[in-house]
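Read from first to last, the chains carry the letters A, B, C and D; within each, the first residue is number 1.
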Amino acid sequence: MALSLSSQIVNLLAALLLLLAFAMLAQRRVLTLIKLFAWQGAALALSTAIVAHATGQTHLYFSAGLTLALKVILIPWLLHRLIDQLNVRWDIEMLINIPTTMLTGIGVAIFAFSLAAPISQMASTVTRSTLGIALASVLLSFLMMIVRRKAVPQVIGFLSMENGLFFAATSATYGMPLVVELGVALDVLVGTFIFGIFFFHIREQFDSLDIRHMEKLKED
Amino acid sequence: MDSPPSLLAAALLAATAWLAIGLLGLLPAGAAFVRRALFPAGAAASLALAALGAQGVWYPASSLVLPLGLPDLPFHLRLDPLAGFFLLLLGAVAAGVSVYSIGYFRDEAGARLRLICLQYHFFLASMAFVLLADDAYLFMVAWETMALASYFLVTTDHQRPAIRSAGFLYLLVAHIGAIAVLLCFGVMHGGGGDYTFDALRAAELSPFWASVAFLLAFFGFGAKAGLIPLHAWLPEAHPAAPSPVSALMSGVMIKTAIYGMVRISYDLIGAVRWDWGILVLVVGAGTTLFGVLFALMQHDLKRLLAYHSVENIGIILLGLGMSMVFFGFGHREAGVLGLIAALYHTLNHAVFKGLLFLGAGSILHATGLRDLNAMGGLIRTMPATAFYFLVGALAISALPPLNGFVSEWLTFQTALQASLIEHGVVRSLLPLFAAVLALAGALTAMCFVKVFGVAFLGRARHSAEKAHGDARLSERLGLAWLTAGCFFLGLFPAAMLLMLNRVAASLTGSSLSAQALESNWLWVVPTQPMQASYSAIIFLLVVLAVVLITVRLVRVFYHGRIRVADPWDCGYPEQTTRMQDTADAFGQPIRHVFGPLYLMKRHLPGPEDANPRYSIKIEDRHWYWLYLPLARLVEYTSSKIGLLQRGRISVYLLYSFLTLIGLLVFVR
Amino acid sequence: MEIALVLGVPLAGAMVLAAFGQRSWAPEVNALASLGTLIAAALLTGRVIADGPMTALNEQVFVDPFNVFLVALTAFVAFTTALFSRPYMRTEEHHKRVNSARLRLYHSMYQLFSFTMLLTLLSNNVGMLWVAMEGATLSTVLLVSLYRTPASLEAAWKYFILCSVGIAQALFGTILLYFAAEKVLGPGGNALLWTHLHEVRGELEPTVLSLAFVFLLVGYGTKVGLVPLHNWLPDAHAEGPTPISAVLSGLLLNVALYAVVRSKVLVDGALERNFSGGLMMGFGLLSVVVAAFFLSRQKDIKRMFAYSSIEHMGIMTFAFGMGGPVAAFAGLLHMTVHSLTKSAIFFTVGHATQASGTQDMASIRGLIQQSPTIGWGLALGTLAILGMPPFGVFTSEFMILTTAMRQHAWATPFLLLALGVAFAAIFGKVQPMVFGETTAQRLTHPPALVPVFVHLAIVLLLGLYIPPYLVDWYRQAAAFIG
Amino acid sequence: MTPAMASGVALQVLQSLLVVLVAPLVTGWVNICRAWLQNRSAPSIWLPYYTLAKLFHKDAVIANTASPLFRITPYVLFGCMWLAAGIVPVLVTDLPFAPAADIIALVGVFAVARVFGALAAMDTGTSFGGLGARREMMIGFLAEPAMLMTLFTAAFISDSTQLQTIVETLAHREFAIYPSLAFAAVAFLMVLLAENARIPVDNPTTHLELTMIHEAMILEYSARHLALIEWAVAIKLVAYMAIGFALFLPWGIAPAGDWAALPMAFAALGAKLALAGAGLAFLETLLAKMRIFLVTEFLSTAFLLGVLGMLIHFLVRG
């Protein structure tokens, strides 16, 4: 009974995750984007915690806490500070207009579901049906990285891709072994720092974070 | 008498001796050491190798496996009559060239000379290993090492851009050829077994795959031999190298390609087909005519000689092709005759072309000239060189009683066996190729009358006076050695015929007719005495006798007073040396007859030209229909592919995304 | 024990150099640490040859013929590269291209990089393998942008984004792998241990594994530089400092390919049809051909050799894709000779670019005149990488081509075409740089060319004679790859 | 030495000497015929001998630019022609020396003579020498293969390249029309005209520099050298005629070791030579000297005819 309840909640959160992914794909303002990212992290942490509670996998609590600390608090805060220091509160331009992006996104999501369906059948976990959602959100953030034209949103896309991956880990397999989780988390953290450093370098070189300035190296 | 394996071991030793000598060249010793010690040592090794090769022809094949090479394919070596014959060729020519080099490299700087010595001896050794190799891997290694060493020798004077581009073109064509050869081995292999030649011999090929293998080999080795249209590198690269190296490249290296063709088609594939023969004949005929006609247009002596190498490779192919045709139709005796003719011409060309290139080298050394139009009257300043060069010129012009004549005579005799063939068309084709050969011979004679006449005879044109003396002693020794070769091969063909018959027999299992073999040393009888025979000795003796009698009679009848005067000026008082025929002038009738063949850029002086100059530039059409288009094709493709990478990161991400999606779709 | 050393020494080196990396003796320390790693790796190798595969640190790391051979190779090239980077970085400092702070970063990151690579090779845990691989990316990305020029920043950014995204896919693949393994091995750490996975690979769920392999291939393939995922590679190679280009080409690509091959082994166990092999052959062939055509349009010397690396990784991928003892043997051999040759080339290229003050090939001329060793090193190295006998590259290419002719005749024309085009392109550009009148001037610090000629000598040796112990070493590894 | 052998040698020597001695006579005969045909008063038939004798008694003048080659050449030319005369069966077929050189070698001999002649011409370094040498080689490179082709036609018919065998087979078999031989005959005639510097290719009597070929080559020669060359030229003419007889009218040549047939052979030879000489003179009177560059076309026609003859041989047979 509890299982079914928790699984329902997890499914709900999964839906929320996907929704947020779409929202981020559509979002124009960078600050909102960061907020959405934080919310996504929160949803992820919550679902992880619930799975932990439901299955009694204690190490998932760590993972949940880790997610909370990193994805909900630390990284968004870092990004905020960066935005302030670089003072780049511009609106985000897309390479493709939003409706097209959304349509592509929906297509991608459906593809992900159909891809994940056969696997979900054989999953033994309470949360199997969420694997498709995880894959969908991964691909959606991939799409987002493709269409964004500024450095910061691209990074946020990357981070939300990580969210999707974590969600896949927890939903499909009650989480990876702890050591791996920690390692991944460490990588994400370091990665974010390095991204931060990069923002400054790029800024000082091109006095803008528009990645279209970075198309010099090519075959001509 | 020693047993065969030790023969092979000794040959291996000689080859490694070359390697060792090359490495010794790296010692920080003076140039004198390199010239006085290393090159003579190399010559000694060459002689040893020649002797061993000559022995090897008469022994059954022997093989050896070295603990080197690939784990499951160690180096296999084998000395059979064919390899022995080519080793003889290599050693004999290399001996002369090495001796010659002692004097030729006298004013090279130490460091440079050491490098040359290294590359030179590695070049020789790699050729020896090409001939000894008995598995695909060792063969390829030796083959490419040969290309590499010769490439570095060609680019010795790399400061000159022309030489750099020549070297590049050479190595590129060589490498593409090598790739084709490698592919050919793969095709012959056709599954199962490993890549030893024995395994390749054993492999059963369907006619189709056999033909594919042959075509690949023909292409690959043709690239090295300089068949049209793959010849373009040859007249660039051979002249670029120092003259001894040019002699080796033209004399020996391109022969390794002939070796490869014979080895693969007669030995490894085995069943020769007549339509291959037709292909070889057609290409050979084209190469022959092309080579000689372009040689006639040259005024750079070494380029001219290089074009003649192209021509002679064509002549060799004519013999080879006829042999293939006859074998294909099952007339084995005639086939053997053709093979013998081809191999004989291979040897002859090695000798006289080596001789000619060395002669050119001596001229270059004495006068600093390669342009015929600047030479003239050299016979006075360098009589010895003139004599040796004249012998070479007569030999390559296929004049009796020298060696060039014998092999072309044999080729003609092969063509005259055409009546044996039942297939009407083919039967009437062969004489045509004989006609081509006859035409080429006459043209060659014309070309070398031009060369010798313009370079050595007449009066010195402008800058040729600063010729300081004749060739050095060691140079003369080298020249004399090869000259002796021309005479020997021309005067005692019967002995060579027996040797080559042995080679052919070991390859094809059949040999010449009994009458042909029982003919003694004096006579050459290809088939039957009634049909044809030739005796160079008697021929020479009679000519000498007749000439001497004439001289004697004239002496008897005549008081022998001689007055020396200026040549008759035909009433034009001011005769300048510029009024002599230049090389270009000599080619004029040919340009008139074969005009469409050439791409000519002529510059004629105007009527009121103070200092009139006539200049003409002949270009090879192949550049414009083959080489440049190919280059452009690659350029175009790469420019199109370059569009993949325009520097936009989003696009790159898109690539990854699409790859991922595509694969996922593919998986489902 | 040795394992701990192999991993510990570079880590410690990284720590020390993080503290003192700007000192004048830092390069020596760097070289020393690498030497220590090399010694440890040698000991480890001896141990493995002596008593076979082993695991340690409660199975988190393990050693078998396959990875120990790569460990040895990695340690060796890392050491020689450290030797080369001494005079190189000094000259860079002298040219004011780097300041002391960046030198510190450089040195510590160099050690960290070798640590992460070794960890990748040694870790038995597929998850840790992923972590270490990402760590390798993170530790090099700042080195690529060491010069802080716009170009280098751009290159580093592309490198970072593309590799991180790619490797994220690999993580998803790993998760799927875990997902499949869990049902066989039960939840918990063991399900990600490669040794265990290898034992039960027959029972793993095929559909999941095929999906997983796609993600892993795309993920790690991005780091291998397979076309069309290769776009970061030429930029990163061209813009980073040359020692880094050397280790990127010589080592990191190998390590990534190692990861791909590891996954292939598992998938082949689960799937009957040669699914993974087909994919790898396809990618390999595509990379070879496309890279060959890219080669002919390069102007920047390091960029050109980067493309040549793509070409050769393609050849290896093709070889491993074909599978079978000979092909796998050839693939391993090609890994060895390629990393040795390519790093040697990058050493000479580094000195050449410093000597003539540019990476533009059109303005590098006559190296042989200025410094015969550099000139000959570049010429011979180039000929070696182009597959000219008697160098070892030809050996492996010979085996690969002949095997391909037997098993996949359709592929050989493409390979040969690519080889021909690549030859024309590279050699046509290198020859004028080596020969002719020179534009280069003397270097401020004597170049370290011993590594170059050591590498080339080894490659030459491998072309003529492969020592028996190396042979059965390769054989074991090949048998193991299957 | 067997008697057969001895007789063979004797005949060999006899024939060679005969050809050498008769050659100038033939030249004289041709000149006479031509004079008659052109309504000129004919010179004595012995004129060529007088000329030779006169030349032999003059002082030789050698250009100071000449090399030894210049002085050797006349002897080589003479020797080669004499040799040729020895090979071709004129009177008898069993010539012990003939097997040493078949038709290909025969062509080779003529080539040697041509090459040395050309070289000697270039030796003195005058503009005329080069001009002559160039034109001579130009004729040669077409005439030589044409000659070879005609010979090959006969060789294919008789399946041998030995002239004596050819004569045997052609002469002593029932008379048959060979279309291939007809082609060959025409080709051979053209080659003969060209090789012996006759009209329409060259004019032996002129010294007009625009047209002369052979004369330009020997411009520098005088006295005994000139004499030898002239003599060699005469022999060459006879040798060519003899080859023609051997190939196309082989009747009357004495078979092996048959002394009785010898007088007959003499008679036949005399008749043939007289006819041939007259015919040559007739041709030379009819035809006009052609422009130098038409010569190449003339000779390539000859070459073509030779090749055609060979092909027809096979096509008719096959």
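The definition used in the following text is that a contact is a pair of C-beta atoms (placed from the backbone, for glycine too) under 8 Å apart; a residue touches a chain by one contact, two chains touch by 3 or more.
Worth saying up front: this structure is predicted, and the values here are computed from it rather than measured.
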Message: By that same contact rule, can you tell me which chains touch subunit B and subunit C alike?
response: A
Field: Of all other chains, the one whose Cα centre sits farthest from subunit B
entry: A
Field: Chain pair, B-D or A-B, that carries the greater number of C-beta contacts
entry: B-D
- prompt: Approximately how many whole Å separate the CA-defined centres of subunit B and subunit D?
  reply: 36
Field: CA centroid of subunit C to CA centroid of subunit D, Å
entry: 79
- line: Chain centres from averaged Cα atoms put subunit A and subunit D apart, in whole Å, by 102
Message: Measuring centre to centre with CA averages, how many angstrom lie between subunit A and subunit B?
response: 71
Query: By residue number and range, which residues of subunit A touch two or more other chains?
result: 115, 142, 145, 211, 214-217, 219
Query: Using the touch rule from the top of the page, what residues of subunit B touch 2 or more other chains?
result: 642, 644-645, 649, 653, 660, 664
Task: Kindly provide every pair of chains that touch.
output: A-B, A-C, B-C, B-D
- request: Give every residue of subunit A touching subunit C within the complex, in rising order.
  value: 57, 115, 118-119, 122-124, 131, 135, 138, 142, 145, 151, 154, 158, 161-162, 165, 168-169, 172-174, 176-177, 179-180, 183-184, 186-187, 190-191, 194-195, 197-198, 201-202, 205-206, 211, 213-217, 219
- line: In the complex, subunit B touches subunit D at residues 376-377, 379-380, 394, 397-400, 405, 409, 412-413, 416, 418-419, 424, 427-428, 431-432, 434-435, 438-439, 441-443, 445-446, 448-450, 452-454, 456-459, 523, 529-535, 538-539, 542-543, 546-547, 550-551, 554, 557-558, 561-570, 575, 577, 579-581, 585-586, 588-590, 592-593
Field: Complex contacts: residues of subunit B adjacent to subunit C
entry: 67-71, 136-137, 140-145, 148, 155, 158-159, 161, 164, 167-168, 171-172, 175-176, 179, 182-183, 185-187, 189, 191, 195, 634-635, 637-639, 641-642, 644-645, 649, 652-653, 655-656, 659-660, 663-664, 667
Query: subunit A touches which residues of subunit C in the complex?
result: 60, 125, 127-128, 130-132, 134-135, 138, 141-142, 145, 148-151, 153-158, 160-161, 164-165, 168, 171-172, 174-176, 178-179, 182-183, 187-189, 191-192, 205, 207-208, 211, 234-235, 238-239, 294, 297
Residues of subunit C that touch subunit B when the two form their complex: 157-158, 161-162, 165-166, 169, 210-211, 214-215, 217-218, 222, 228-229, 231-232, 234, 279, 290, 293-297, 329, 368, 383, 386, 388-390, 394-395, 398-399, 401-402, 405-406, 412, 416, 419-421, 423-424, 427-428, 431-432, 435-437, 463-466, 468, 471, 475
